[in-house]
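By letter and in written order, the chains are A, B and C; residue numbering begins at 1 in each of them.
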Amino acid sequence: MTEQAWKRPALERTKPHRQLAANISLTGSQQSPKASHAMTGAAKGAQLGYEVSEEQMEEGKAQARFHDIPGAASDLFGSGFSDLKGTVSSENFLALSERVMKDTLLWVEFVARSVQWQMPGSKSESNETSKSAEQTAPAGGGGFTTEVSSLQPVEVTFQPHPGAESRSLGVHDLRGLDAESPAITGVEVTRDGDQWRLRIGIGQSQPPGLYTGIVFDREDGAIRGSLSVAVKGG
Amino acid sequence: MPITSDSTVAEVLDDYGKITRAELKNWLPKGDPEDYLYGPMSDYPMRGGRMFRPSLCIATAKVFGASLEQVIPAAVSIELLHNALLIHDDIEDESDERRGKPTLHKKIGTPLALNAGDSLAFLSLRPIIRGSASMGSDSIVRILEEFDQMAQQTAEGQALDLGWRRDNHIELCEADYLKMVLKKTCWLTTLFPIRLGALIGSGGRANLDSLFNFAFFLGAAFQIQDDVLNLIGNHERYGKELGGDLLEGKRTLMLVNLLELSSSSERVRIKAILDTPRDARSDASVSWLRSAMIERGCIEYAKELAHGLAGAASHEFDKTFKELPESSDKAFLSKLPSWVIERS
Amino acid sequence: MTSEPTKVAIIGGGCSAMATAFDLTRPELEGQYQVTIFQQGFRLGGKGASGRGPGDRIEEHGLHIFMGFYENAFRLIRECYRELDRPSTSRFSDWDDVFKPDRLTGVKDDHHDGTASHWLTWFPPGAGTPGDPDAPPRMFSASEYMARGFQLLEATLLSARRDEVLDAKEENPEGLSPSSTPIEQVSRIFRLGQLGSIAVAVEAVHAARLIAESPTLISFPVLAKVVDMLSEFVNRRVHALVSRDTEMKRLFELIDLTLTAMRGSLQDGLISHPDGFDAISDLDWREWLKKHGATELTLNSSFLDTLYNIAFSYEQGDLRRPNAGAGEALRCAVRAFLTYRGSFFYKMQTGMGDAVFAPFYEVLRRRGVRFEFFHRLRNLQLSTALSSQTPSIEEMHFDVQARCKDGHDYLPLVDVDGIPCWPSEPLWDQLLDGRESKDKGVDFESHWDATTVENLRLKVGEDFDAVVLAVGLGEVPFVAGELLERFPHWKRMTEKVKTVATKAFQVWVSEDIEALGWRDDSVNLTGIPGPYETWADMTHLIAHESFPKEPKSLAYFCSSLITPDELPAQDDFEYKASYEAAIVVDSQRYLNENIGTVWPNAVDENGFRWALLVDPDGEEYQDPESSLRSQYIRVNLNPTDRYVLFTAGSSKHRISPLDYDVSNMTVAGDWTDAGLNVGCVEAAMMSGRVAAHAISTYPALEDIPGFDHP
């Protein structure tokens, strides 16, 4: 054999690409279209549109084909892009998403609270049997009073959203953790001047447990707070 | 029913479409040779259609201050030209169906169809020039310049599209595609109607270039959605054969995206499919292409891209139309970006 | 370039070798590579080899379950079946006849009070099927992982309380679809909020996912906060529920694990780290989770144990020494849980040899690949070039273990009910002096059997041009001594990348698992106490075997085996025998003492009911010893059979098929550095494809799914 011995071909690279950071597009970062696989189609659509537009405008100007009115067309590509990037019908969507986010946090907080109740000794318990106990809502619930009629010891937690007092409120039935338990129904919300009054009636046969429900806005259906009642059993 | 700010896009299109079509009829010549020329010339315009382009022109002109009467001739011209180009497109693309019926050249043969298309194109200038006589010669010159600009851009776009197909060019990126769409579709579909409308409405005072982005993004979203519908739309409403673009080897965003996502061996396969003449292209290969586009999310991707463009169009609209008085026509224009991507 | 094809010698016939051979002989390459596969003994398959024994029973090295993320493995296997083109009447005409989705997995929970309960987890079907001929790059993006992490949480919550949230799901079958608008989400939270706290958590997670998926909102601080809050919620919840509800406890362990991994990735900046998950490879997986605040419960959970068990991740096979590199574990976990397509698991409907290696053998032969069975590599001889130059392989020395009669090629397959299968023994009749070898008890696959009929020297340029070293890692020191001497990093690799011996036990039983007392569907269960941690129900295979008296159920057990790292000398015949004797005792004890936790009815007051075991030849035995010996028990001690570990800090010592140490050689196998770096079929197949790339630059690295991955 006189020929050159076979050798492995030269390779373009010898390692995997492990950095796929570009995949989360951080606000305002400018990426070239090639490096933006994971950029969403919508964001890319907008970006490409502006890029092509810009190119065409430059081309057009060079050809002096456009009938510019002097001084009028200066703001074409200046500001619009960065705040628009990635939005579809922008403001609305953002606002809605924020609301989902807020509601999420409400729920997490809300459930965490119910857990707290279940932890032995984590919270003081009101043991007296109250025929008609009246208690004010915890801090942050200014302007609200809860009124409970119950033959069993209960603990009520009401968590209104800021600003809830100026809305027209309703309360859903309170459901138990245990799907079989009957719901606590007929929670009344009334307004007395600038005071809100939540009236909750708990029957003697209501099984012990944690019952939770939502305080909502009668006008737009938005969540305005949460209400939970822990029935401790007789 | 009068148009109000609450009218839907469809209602406005219907209303302006009827007005335009009624006037358009007056411009279509009658008499002999009826079967060979005048009949075929009125075939497409009389088939209906959405009348998107004339309506866009009318609404823009009115937003800029024109009366309906002032802008109708321009709307008619646009629609005539559009129909003329459709005849040519159908021949160039070897399409079989248009608005739910056989294409003109399928009905009467290519030579007569070409001739009818040419006549329609020449005819299309007539209404606008006659109608603009009162606006003074400066305006007529500018209208003609707009016309010229649009015609050139459109021809360039069509040439790119056809050339890429003839040479089976597949090394295309999304920006290439958008440039082609800008020229081929947007000038005639959105830029020209909007610019013309603004020109007529403002008596030549409006800055037409400031409308460029809105019109371009709107048109591009429109075209992408059109291409999406060609693949997955409702045949009856769409009016062309489904998947026709695949048969024609048309360079769509989905195709560009598919090529980008494909391995080199798959690219070879796709290229081979595209290289086959339309008649020899098997149903199997077309349906493979189509399902590859669906499976790899190319269609979803195209929809998203169209969404992005429509969002950008909305944004541009807010920016450039904010100083203009509120009106039903302005409301109509503002609804168009979402309409183009939502129609099915 | 001459028009002569390049002669490629592939040493070894396991998964990686099949992948390399398959990629190098694709029609697109127009015959540029003439491939020969050198295989010791009588069958292909490496650790995946199987054989048909008495009663056509399938005898495996261990338990092989394919996972839904095995993109490369499935892609090649699917292409292989397409090319194989079996008649449609065949039972196994296409890949999906052979690989069936398996949606359930069980994790055994070991209570410390002596009782035990199992846990079945449900994973929703993933879009498509593995190996579909596309792999969108978005699949492996960090943002996708975040979003899918939330999806997983949702699925987990739903599986735990399916009844509770079922109504809501039915009401909105597209409930998990990200396409519903935020406003719909809000109203859904509204409705579901009434169903109880799990449903609330589902919705909280769902909304968090929406945020993760939303291009406009995604930002690390926001996401980190959400994850933090969820974690806090989970932690409290776990503590509140630990003493009352084991199901809830397990559920929250899994959630805690997921959230911890997400939090850890955000905190350690893995998403933007140039080395991706390799950045945490020096830590043990459990250590890393601990560092990022996983609860003690989670760290000690049977779920986490399972992740170690699946990959035999115990040094020297010792359960007290768990060790799994965090980077590799995280990568494998996100691939497994978040990128599977079709089903989470796929179970083969026949032996792995018959499902995978027989089809590859047939297709490769058709493509002109030559197979040299009974060829055991003894040495790779390096060129005596200057130390500054890249050496080449000059000669390869083989021990030929047997020759066929009349110079014929060895034809290794037998027909079992219309399907070409591997026998569990050589087809002695084809071999020169085959009878004698059989009577002597020759074991061509044993490291401790030096049977040789001829020494063969193959020369570079004449007999071969290129070499792909695709033997098992344990074998490398025995065949590549010159390389280990020449290159310190090769030596270090063989020291730092560890292997572990394993054991396997297959049991044919005359009652079905329900009668044995198992109350759920077919499972792949790990976490049973005793010498075998893993049990998989393989009853579906019985139909493909032919016992005189048909068993009703079939169980595979497997586990790591405690052995020292060092192998005894090749003439130490006691080594293997002593482990084989011990495993019989172990297995007997296992059935007597441990099996009752999953099969309560298989034991009575005297221990295991030995009459339950079915003999493949229809014999009936009374004594435990004989009954047990009628079953299939195996220890995998051969260096090439030892399972490759990915202990903390070892990955950086691996050698890549792309490394250029020898000018005409590359490496392949699940011990190499080829993207995934864990011991599995997928890693081996990936490595084989990367090796093909090193030889031919085909396939492009970008076309090997999962190679480019954080």
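Following the convention adopted for this analysis, a contact is a pair of C-beta atoms (placed from the backbone, for glycine too) under 8 Å apart; a residue touches a chain by one contact, two chains touch by 3 or more.
Keep in mind it's a predicted model, so treat the numbers as computed, not measured.
A.B. asks: Most contacts: which chain pair?
C.D. replies: A-C
A.B. asks: Using CA atoms only, can you tell me which chain is the most central one in this structure?
C.D. replies: Looking at where each chain's C-alpha mean falls, the closest to the middle is C.
A.B. asks: Based on the averaged CA atom positions, which chain is farthest from chain B?
C.D. replies: Centroid comparison gives C as the farthest chain from chain B.
A.B. asks: Averaging only over C-alpha atoms, locate the centres of chain B and chain C and give their separation in whole Å.
C.D. replies: 55
A.B. asks: What whole-number Å value describes the gap between the mean CA coordinates of chain A and chain B?
C.D. replies: It comes to 41 Å between the two C-alpha centres.
A.B. asks: Could you list the positions in chain C whose residues touch two or more of the other chains?
C.D. replies: Counting only residues that touch two or more other chains, chain C contributes 137-138.
A.B. asks: In chain A, which residues are in touch with two or more of the other chains?
C.D. replies: 40, 42-43, 86-87, in rising order.
A.B. asks: Write out the stretch or stretches of chain C touching chain B in their complex.
C.D. replies: Per the touch definition, chain C meets chain B at residues 28, 128, 132-134, 136-138, 699-700, 702-703.
A.B. asks: Okay, in this complex, where on chain B does chain A touch?
C.D. replies: Those residues of chain B that touch chain A are 142, 145, 149, 173-175, 178-179, 182, 205, 207-210, 212-213, 216-217, 220-221, 300-312, 314-316, 319, 338.
A.B. asks: Quick check on the complex: what are the chain A residues that touch chain C?
C.D. replies: Spelled out, the residues of chain A in touch with chain C are 1, 3, 5-9, 11, 13-21, 23-27, 37-40, 42-43, 86-87, 93-94, 96-101, 103-105, 107-112, 114-116, 118-119, 172-173, 175-179, 183, 212-214, 216, 221-223.
A.B. asks: Can you tell me which positions in chain A touch chain B when the two form their complex?
C.D. replies: It is residues 33-34, 40-53, 55-57, 60, 65-69, 72-73, 76, 80, 84, 86-90 of chain A that touch chain B.
A.B. asks: Note which residues of chain B are touching chain C in the complex, please.
C.D. replies: 261-266, 292, 295-297
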